[in-house]
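Common to both upcoming complexes is subunit A, partnered first by subunit B, then by subunit C.
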Partner chain A sequence: MNPDEWLRAFAAELHHRRVRPDDARHVVAEAATHLRDGGGDPAVVFGPPGRYAAAIAESIGAPPPAPAAPGPVRLQARGITKRYGRRTVLRDAGLTVRAGQIAAIVGANGCGKSTFLRICAGLISPDEGEVTVTGRLGYCPQQGGTSDFLLPDEHFVLVGTGQGLARGQARRAGRAAARQLGWDAPGDVLTRHLSGGTRQKLNLTMSTLAEPDVLLLDEPYQGFDRGTYVDFWEQLGRLRDAGRAIVVVTHLLNQLDRVDAVLDLTPAGGTVRDGGAGWGGRA
Partner chain B sequence: MDIERRGQWLRGVLDLCVLGLLRDRESYGYQLAQALDTAGIGPIQGGTLYPVLLRLQRTGLVTAQWREGTAGPARKYYQITDLGRAALRQGGRDWAAFVTPVTGLLTERAER
Partner chain C sequence: MNRMVTVAEMTLRELLRRRGVLALMLLLPLTFYLIRRDAYVGQSVRSLLLGISWAVSTAALFATSAARELEPRLRLAGYRPHHLYLGRMFGLWVAGLVIALPFFLLIAFDAPDLRYGGVAVAMLCCVAVAAPLGILIGALLPRELEGTLLLLTIVTVQMLIDPAGAGAKLTPFWSSREIATWAVDHTDDGYLARGSLHGLAVTVGMVVVVAAVFSLRLRRRRHLRHLPLG
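Presenting the complex of A and B:
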């Protein structure tokens, strides 16, 4: 990143953190002056734009991102029960997510998190209960979903075609979405030669590319390094602010302060807890 | 020197060092960074320095104005306030009260 690019990214991050435009202008101008005086790589002098913006926001005492007023209900799952043979995987689980909200589905392994999400996606049917989705649906599976013998660009074109995008448009949109995850999608590497984590970035990029109203993500960050994981949650924040309804399955609880609702599917005393009891408010 | 430990120490006193540098004359970020280096504190990156300056400004220990310098572009100049001077005096006393017994312990151990 050259200094101008870094400063632009930094300004965008300050804006994203709701630092007042006046304050942001001063801080960016001061950083620009410092770089002019001292030279050096801004990524070394100040660090990554996102992290420096966070430090600045904290030092200024900027108000934390105000939760945007949630919009209309986009996803409503009610009384979801699913049995496999004699085993009841889900009992009367429910979740409501509005536009501009992130909901997390948490719980121990095997408690039905992925099953619940697949039911929401319409990939499998519940034994009881119903799911209502308003708008376009996007689903990112835990793994798979990419084609080994296609280039990343060809994936973007494939998804773009479904929305009537021309090849060039789709490619540009895909690469831009990939960069949000800190990934410069290469033009000439077959997907089977990408690392597992990078393939997940491709997977995630595709699911956001169609600009769904409801985005269902099944632990999409497996194989991500720490930096990418941070980028991933920042990206979710941006999508939320843009009015998407997001459901993310996770077993990592340290990000729960960033979500608006939590559905805990951990069985209590051998049975799945009532869906309504699993709700948690925003911190 | 153990870089990590040095970083921890620095986090505790960098604001006081900045106030110390501003005691006699106003200054701007890049100049403060150079002065800290010259004083032997070591190179302080902008990413560490400016958040400290913003906190000092927010808590009223320094004020700041954008001004054209004698040469070069406009810069944000920081001045210490009366509150800042009081904080510097108190911080200096606290530092001495902290560092003297630590030094005593460390040097006694070394001589034994």
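Presenting the complex of A and C:
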């Protein structure tokens, strides 16, 4: 592939990845200048056009897709107050998430993010407030939630049986959900032998296996490498596009441009705001 | 039923893969049996029964503690509390019987002139009571160390208390001791009847308390309203 052909393919890949036209022109011009001044085979200098375009798109961010009409409300938490002894962890917190939306819960350590999520999941009771969930609920805990001496497939069977799936069906669904995270779930490795990040993939896979309508994720990406982390957010994007309502507890603020709403539980905050640019801005 | 069987199966699979634990579960009753074997065989049999009880209840305690984080998500996945605690209990009962079987054979070959049917019933009582006892302690005490110490206390009391005293009947494994006396010392049938009744009552009582604790812990919270998709 000569430089001109490579640049044309590169421009097409950038367009395919929805990089803004101005940004794409700028990046292609820079690459052309580099090739003209430095010479060399572009496939060696930059690599395949598709891969380089993917790296560029990830580094500068893709523009928001055309806003879709918000779906019906799937999760509504109102007036949530929770006290542990004299300490009030949550005061009148609320969140509404519609089908096809991702909401992030952010805040400092100990501000009640996980508590809020566990209240939404019905695992603990608030002192005040109520939660309404429409459809099936899925929950991924921050840690734990797997069994050391079971195989990944057995986890899929365990969760799938609860949903009324046959064993084979549950295994297939689990492996398919795992592949969405770039993970080929092994059939013969005990969970205790999986790395922390892979175990977390199993944890996440278990929560998405039954295709819940509302998905609650408590910092599910701990231990993920960068590639898996990107896969994770792409998976969330696909689930959102499929009409799921997703709530993610996160402290990684650089990902907030991919969400539609943010609940800030910092004591001075306690507010819901739009997610801003990036993927959405749909609150 | 399918859900309960799946939980029982997974409990068994987990336990059978912990080979070190299995070895210790066998070693504990064996040690109890051998330590007094040179003296009176009745004492060895009673000690063995206590060893089986201790081993099975400890396994139940740890299985319950290990599943503590998993159970809420299984509840959300469609399991009801009774699927979880009964499934786990069935799995542990099966595991307990598997552990007890070689010891029954050991006694059958090693100790002559016993009522072996009585020995089998005593072992059945041990396993029947031990599984829900361990589950109950695991459910009430979230940390394994506290649970283990409580179990140790219960077994020590069981070991040291005067079996003829009124207080002995309040201990969970009194049934197996009573039945073992019938089996070893060829006492009257009252021992067998009292022991069997005690074992049955304690097992049923334990299961009921476990049911209450799990139903409370894994209950549907009132603040959460589920609506079907419209």
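As a convention for this text, the second predicted complex is superposed on the first by the 203 of 283 C-alpha atoms of A that agree within 3 Å, B and C clash if a C-alpha of one lies under 4 Å from a C-alpha of the other, contacts with A are read in each partner's own complex, and residues count from 1 in each chain.
Everything below uses one rule, namely that a residue touches a chain if its C-beta (ideal position, glycine included) is under 8 Å from a C-beta of that chain, and two chains touch if they have at least 3 such contacts.
Source: prediction; values computed, not measured.
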item: Partner chain in contact with A:L265 - subunit B first, subunit C second, else both or neither; value: neither
item: Contacts of A:L204 with subunit B and subunit C, given as first, second, both or neither; value: neither
item: Subunit B versus subunit C as contact partner of A:V159, first or second or both or neither; value: second
item: Residue contacts with subunit A in the superposition, subunit B compared against subunit C; value: C
item: Touching partner for A:V27 - first (subunit B), second (subunit C), both, neither; value: first
item: First (subunit B), second (subunit C), both or neither touched by A:G129; value: second
item: Touched partner set for A:L239, first subunit B, second subunit C, both or neither; value: neither
item: Touching both subunit C and subunit B, counted on subunit A across the two superposed complexes; value: none
item: For the subunit B and subunit A complex, residues of the former touching the latter; value: 28-30, 33, 45-47, 50-52, 54-55, 58, 66, 72-76
item: Complex contacts: residues of subunit A adjacent to subunit B; value: 26-27, 29-31, 33-38, 44-47, 51-52, 55-56, 58-61
item: Subunit A residues touching subunit C - in the complex, by the definition given at the top; value: 72, 119-126, 129-135, 137-141, 143-150, 154, 157-159, 161-164, 190, 206-207, 210, 213
item: Sites on subunit C touched by subunit A in the complex; value: 2-3, 6-7, 10, 13-15, 17-18, 66-70, 72-74, 76-79, 220-230
